[in-house]
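What follows is chain A paired twice: with chain B in the first complex and chain C in the second.
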Partner chain A sequence: MATEDDSAVKEPLDLIRLSLDERIYVKLRADRELRGKLHAYDQHLNMILGDVEEVVTSVEIDDETYEEIVRTSKRHMPYLFVRGDGVILVSPPLRTS
Partner chain B sequence: MSGGAGGGAVGSAKTPADFLKSIRGRPVVVKLNSGVDYRGILACLDGYMNIAMEQTEEYVNGQLKNKYGDAFIRGNNVLYISTTKRTLGD
Partner chain C sequence: MGKRGERQSERTLVCVIQALMGLELLVELRNDLSIRGFLDDCDNAMNVIIKDAMIEDVEGCQKHMPLIFVRGSNIRFVHIPDNVNIMQAVEERRLVLDRAALAYMGGKGLAPMPKVLETQIPDTADAAI
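The block that comes next holds the complex of A and B.
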């Protein structure tokens, strides 16, 4: 077998490991977002998050004015298991500068 | 039949796996099944098309919506990964 550089190659999941015990931002399907502390994850991106805030976003369009009405609802959970198949994106929290 | 892609200097990639190995470090566009676009520099990716990117910008309907310093995208959401000559402010 030809020696490849693959032993040094980092996988995206390796880089998520760097975020363990850090706060992260997770974008989920169905216009949901989570912010919480990453306690654990696996290759499916199942995750255990602590001290979590979930934001659900919905956009209504007014029939007459075509105005976009953006609504968000939030809830807070001390502990949460997230099933990986709903995950779209994971990132360190967005900083509002 | 001439093979090879037109844009980006990836002429010698023969299989999708070769392409994936050759584009690390390049600016890319990742389009998701949902239609959302992410532009950034590809840090790494794996065979499931899970992606890690840096300096990521999120475009929804062509509009810049968010910026992420680092972003990990779950591969099942990815429609395609494309290299781009990234012009800032495009």
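The block that comes next holds the complex of A and C.
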């Protein structure tokens, strides 16, 4: 939420500044991913995202066959504050098509 | 316009949470607990006090607690209520704090005399001297 005095990209956080008001992909700890519109961020990577979809991935191992079952659960949230210490990476949304 | 970013909280997004004080919101913790309640207080470290809280775990087990303190580092998400204009709320809070600071320290930089409460217990030690 800082005022932009200089629009040059000087440090990694400036790259996130370029994504303001754009849709982004955020990878979080605990096998979670978010896709939403970036409204605000700070130096801790606390973020405010709008129109967010959260994907939680869990891997279960079958007792008998020992095969990995990958499960995902999704949630949709209109407006979310994300605490920065859970953020691993921030990126423009991956093209999954 | 005022000096934005003078306060420590205004340099980070914690001021957004602080602007939601008094409102009902949903807080998700790192241990997958969800707490729905009224945000009573929030400090610069995002430590929060939640009143009238309903705590729900992953299994859906609910428990009611009247007052909870949560250490900020345990918070994963804060769901901001739909009907709130967050930019306006943050700006309003900033103005309130600015006005309070001005009233307290306006001009001379001296704190005003504290109000004497009517319920103040008389100091018996003084009477003895």
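Here are a few things to note about the model shown:
Note that the second predicted complex is superposed on the first by the 87 of 97 C-alpha atoms of A that agree within 3 Å, B and C clash if a C-alpha of one lies under 4 Å from a C-alpha of the other, contacts with A are read in each partner's own complex, and residues count from 1 in each chain.
Following the convention adopted for this analysis, a contact is a pair of C-beta atoms (placed from the backbone, for glycine too) under 8 Å apart; a residue touches a chain by one contact, two chains touch by 3 or more.
Small disclaimer: the values here were computed from a predicted structure and weren't measured.
Of the two partner chains, chain C is the only one touched by A:Ala30; chain B is not.
Of the two partner chains, chain C is the only one that A:Ile48 touches; chain B does not reach it. Contacts of A:Asp85 after superposition: both chain B and chain C are touched.
Chain A residues in contact with chain B (one complex) as well as with chain C (other complex) are 85. Residues 32, 34, 38, 43-46, 50-52, 56, 66-74, 76-77 of chain B touch chain A in their complex. Against chain C, the residues of chain A that register as touching in their complex are 1-3, 28, 30, 40-44, 46-48, 77-83, 85-86.
Chain A makes touch with chain B in their complex at residues 9-13, 15-16, 25, 29, 45, 84-85, 87-92, 94. On chain C, the positions that touch chain A within their shared complex are 4-5, 11-14, 16-17, 30, 46, 72-73, 75-80, 82, 86.
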